[in-house]
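First the structure, which I've put down as structure tokens, then a few questions once you've had a look.
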Amino acid sequence: MAIMTSQAKLSVGIIGASGYTGHELIRILTNHPEVSLCAISSRSYEGKKISELYPNFRSICDMSLTNQEEVLARADLIFAGLPHGLSEPLAHEALLQGKYFIDLGADFRLQEESHYLAYYKKNFEYKELHTKAVYGLPELYASDIRQAKLIANPGCFPTAATLGLYPALQKLKLKSAEIIIDAKTGTTGAGRSLSQAQHFAEHTGNFYPYSFGTHRHTPEIEEQASAFAQEQIQVCFIPHLLPISRGILNTMYLKVGEDFSLEDLHSSYKAFYQDKHFVRVLDLDERAAIAPVANSNYCDISLHFDAHNKYLIICAAIDNMLKGSSGQAVQNMNIMMNFDETAGLDFIPSAF
Amino acid sequence: MAIMTSQAKLSVGIIGASGYTGHELIRILTNHPEVSLCAISSRSYEGKKISELYPNFRSICDMSLTNQEEVLARADLIFAGLPHGLSEPLAHEALLQGKYFIDLGADFRLQEESHYLAYYKKNFEYKELHTKAVYGLPELYASDIRQAKLIANPGCFPTAATLGLYPALQKLKLKSAEIIIDAKTGTTGAGRSLSQAQHFAEHTGNFYPYSFGTHRHTPEIEEQASAFAQEQIQVCFIPHLLPISRGILNTMYLKVGEDFSLEDLHSSYKAFYQDKHFVRVLDLDERAAIAPVANSNYCDISLHFDAHNKYLIICAAIDNMLKGSSGQAVQNMNIMMNFDETAGLDFIPSAF
Amino acid sequence: MAIMTSQAKLSVGIIGASGYTGHELIRILTNHPEVSLCAISSRSYEGKKISELYPNFRSICDMSLTNQEEVLARADLIFAGLPHGLSEPLAHEALLQGKYFIDLGADFRLQEESHYLAYYKKNFEYKELHTKAVYGLPELYASDIRQAKLIANPGCFPTAATLGLYPALQKLKLKSAEIIIDAKTGTTGAGRSLSQAQHFAEHTGNFYPYSFGTHRHTPEIEEQASAFAQEQIQVCFIPHLLPISRGILNTMYLKVGEDFSLEDLHSSYKAFYQDKHFVRVLDLDERAAIAPVANSNYCDISLHFDAHNKYLIICAAIDNMLKGSSGQAVQNMNIMMNFDETAGLDFIPSAF
Amino acid sequence: MAIMTSQAKLSVGIIGASGYTGHELIRILTNHPEVSLCAISSRSYEGKKISELYPNFRSICDMSLTNQEEVLARADLIFAGLPHGLSEPLAHEALLQGKYFIDLGADFRLQEESHYLAYYKKNFEYKELHTKAVYGLPELYASDIRQAKLIANPGCFPTAATLGLYPALQKLKLKSAEIIIDAKTGTTGAGRSLSQAQHFAEHTGNFYPYSFGTHRHTPEIEEQASAFAQEQIQVCFIPHLLPISRGILNTMYLKVGEDFSLEDLHSSYKAFYQDKHFVRVLDLDERAAIAPVANSNYCDISLHFDAHNKYLIICAAIDNMLKGSSGQAVQNMNIMMNFDETAGLDFIPSAF
């Protein structure tokens, strides 16, 4: 089964392809009508075929993993799925060579260097790059993305949080600028590295919170929320680990005032997301769930009101590996390259 | 394998034995050193052997399901696992006959008739019984339970909530009397009735919230919390359904003041629960999880502080079918009957 | 999101669209480049939107379910996913009207009426249709399928069995004409109907065999195997139910002679399936598994030899809903209509 | 919660306590009425509390892991859960000191040294010990176990196979002395060691065979079967890995003759196992499954006949960690020490 590449296709490459985000990028890019996947790299598995690591790729993608230099040399657009701190120099080099760079890691997600230092224990290395990097949340920043050379692909929890909160923070004058986000994720969010806690026998049937106010996605959510609320927003963000492989559901609690109208807010959501292909605002009697978005690039949002004590509850569900990572990265590429925004992303979720 | 019953053993019976709470009661009572299970009933399956419904019971308990009258006639202590509204007349009859009655349903859990009417659409039928019924949370009300003839066995979510909140509400002067409880439960909480949402193929890999401010456990949690906080406590309680069979984890958010000390509060928890066999207060660097309590009568509680925005986060985990239902019912019986509080409840949880 | 249909696209419809095979057909056909899904029907849910039954389809397919007559009237090619016995009259009517008919049920799968009577307790109703129907296993019968108007889409277990056995039965002179097939399937194989055994709490963690020599796929496997072995083949076929939603793995045992060479046989498999896009013959040190084919139209086959007692063991894995049902149905349509055989079927399986 | 130990209790210890078999032994022995767990050891975790490795044990067993020497010195009966080859010298030392030794590993399971050499690449080290070791399958060898000082606790698959096959091999004159055993196990069978294949995200939803005629349990099954069939029995044994934590189901195929009567054989099974507490022979219309034995020491056996081609199919299900390992080890101790055979083993399985 040859992968056909016409002259006109964009050459793309993946650095850090052996991880789970790399796996998802390969799945998407192999079927993408406008691109040709020309090189993939992995420090740990250089020389191995990707289908040896992932037998699901047999006969579909049997490319060999190479090194970063070769990806940089051969691709016109580079996706990088690396631990934080490793993308900055690569992005610098790629942009020097006139190439496009989409970082699926954390190096360019935060606006404030002080936040990066506080949560990642590191300063910005190439400061000028941070002024060029665009936060790649297409539903909010499509016009900036269209002009970008360098994309900071959002974190998985912040994607669900920001999409879920945006119209509410725009429209409501919140009595309190504090939001509680009780988040739940599948285990692919923690990646491919082995741990006792994720050994099958010990995780099946288990569920637990794993970070309390210190998760690195906290400042990312706060920066985004504060930007569009135009006031300082603080979030209490507590992630939990589900016994499933894919999917995130954020349950978000906002105290609202006496004059709150759920119907009005729902209309604002419907209006704002009307033309956004991948966001589905559910009807008021429905509730977001993980299965209807798993294995797709959709984000489902549902709104609820606890009249008893005036809490607005916003639920936002995504597939952490697609809309929360690799799917969104490709959506960003599509916009940057003026492809159809949905190209390669027409995954239809399944009920089972 | 005969079930041996000496003269001295207490005769106990189960009304509504075919449901999941009945199943768990049978598992516990069959091995209980002080009782003899003499009769079990089910309206839907009268005449069938319980081991036909539950093949796990083959050769362990092959009793036939009979009717309520026979259970009432033969048992000296009756457990009832019935939909709300059906226990009141049975409890009335049992107490008239000088018997003990432990209701695993909701008929006697609420103190305020107005709450019962609002959430269950029904008035109290035998009002005098409600003055006699004791709320069966042994860690808080053991002395009342010791005198009781009629026990209202707490709901599963309220058990985890109340045990998790009690020392905090006692000790802290909360700036806000509002608590957010983001709760997650395994599917046995919804019982044995079939539904599309719980069809295996559709629930595996899924996760979602299922009630927004209207769950019947809300007033129960509020009544308990308000009683020991000595002020009106409101909770925003949102339950979610996990793709596991057993277990509840409540993540509870309380805004605290500037002078809050997590260490002090932790000491209070340690002190209060020191002699309570089934409650384990975790160390400050640990977090509650479902697996370490599943298949046991333990409740694990962990305390966390998000210093960023001054939230105390309390996690409480139980097995919804044991400490959250049938295990607690037997613990109540043990106290009422002056048995060892842990008799029949020495289930040791497993890591896998 | 409108579904665009050009004049040139083939109008297709689905009768029995509310079941799991219908669900899968909708997922495939909605993205299929050559067809337009014009009508879907369901006896039980007529008038409802399919996205009310399956919220994953929100904004992707919001068509309303209609009746069979409308599907027959509007579509040029009809897929039917119905209990056995219901497709024959519909196929008769469709063919009278010059339309194509692909039956995902069992009505036309068996060649021998006596087998149909023995296993389905029914005679052939429209006997002449049975001479026209082509058994839709594309890897073996593509040339017949290309000419067909009426397709009997194979059963899920027979698909895995037949693809796994074909080269072996062709090449080997089997000492014994008996084959043991120990089969394992995910629960979607049993469909959408509710049962206690498939209630989530009772099936998670469970596994069991469910039929012993009487499963209706037995004669189907035997007819196929006997046809290409050119002798009478008997199979002892025992299916088991896995606690997963999708996927089949058949482990098949054949006694072989002294002169058996695994390498030679492997070469025959490689040669035979070389040009068959959806069949992957694994290397001799690899083993078929469910995850690498789940959510795709692939069939993975691995060959093993127990030298100890001269058994050839063939493992064949498919997704029961795709290659085992709806995916194969579309593959058949593609061949009949002279579309690219893989059109609409480019699902890439995932490692997680 | 103090563990009370009277003077009269037997002092027992566990070598290799940090693994999964050790975990299960701790669960059982902590509640066992006749023993006192006095020391547990682990090479990798010496000095750590067992409840640090397994938080489920908090407040139930907070013993510290020590070294082998201390266990040997303090215990009168030693359980060893070690990789093969490591138990022989320990058993030698223990017996010299007049102590009892129960080996949960493979060192003493095989009668024939040639088999041990072929499958474990090692010779017997203390040959005289092998004449003293008793194969600890209580339902067959209780009288020998009663006299034993050294027990070879059977493998998990051989336990299910041997219990399932015994009456059939005794009674039937098998036309063929070949048996196919298609076995399926939960992942605890592979222990606590981490692997990519058992990383939660990659194993959930997966299923596959993992060994073809070379599994080390093959000669153990054959030795047992041949012993009581009184002819040379060969088995084709293929194990598969299920996406569950606990449980084994063996599906076993035996070709039978024309005069075979399933009813007669069933009567033989019923008769033979009548007094064996932990073996349940199901009725002829029932089938063994994993859930009804999981978390218990039971073995369920069901018999089936495929009249079509004269195969007897025997299904045997156990919990691999209890009846297949640690539960059986304690059952052996109970018999050796003249305790009640079921002491500490009264786990009642659950339907969910």
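In this document, chain identifiers A, B, C and D correspond to the written order of the chains, with residue numbering beginning at 1 in each.
The rule is simple: a contact is a pair of C-beta atoms (placed from the backbone, for glycine too) under 8 Å apart; a residue touches a chain by one contact, two chains touch by 3 or more.
What you are looking at is a predicted structure, and each value in this text was computed from that prediction instead of being measured.
Novice: Give me the step distance from chain A to chain D, shortest route via touching chains only.
Specialist: 1
Novice: Based on CA centres, what chain would you say lies at the far end from chain C?
Specialist: Greatest centre separation from chain C goes to chain B.
Novice: For chain C and chain D, let me know how many angstrom lie between their CA-based centres, rounded off.
Specialist: Roughly 39 Å, centre to centre.
Novice: Determine the centre-to-centre distance between chain A and chain C, using the mean Cα coordinates as centres, and give it in whole Å.
Specialist: Between these chains, centre-to-centre, one finds 36 Å.
Novice: List, in ascending order, every residue of chain D touching at least 2 other chains.
Specialist: In chain D, 20, 188, 201-202, 204-205, 243-246, 289, 291, 351-352 touch at least two other chains.
Novice: Show which residues of chain B lie in contact with chain C when the two form their complex.
Specialist: Residues of chain B touching chain C: 20, 186-188, 192, 194-196, 198-205, 243-245.
Novice: Help me check something: in the complex, which residues belonging to chain D touch chain B?
Specialist: That would be residues 1, 20, 23-24, 27, 30-31, 54-60, 188, 205, 245-246, 277, 280, 282, 286, 289, 291-293, 295-296, 300, 321, 346, 348-352 of chain D.
Novice: Residue numbers of chain D touching chain C in their complex, please.
Specialist: Per the stated touch rule, the residues are 178, 180, 182, 184, 201-202, 204-210, 212-213, 218, 234-236, 238, 240, 242-247, 249, 251, 253, 287-291, 294, 304-309, 311, 313, 315, 317, 351-352.
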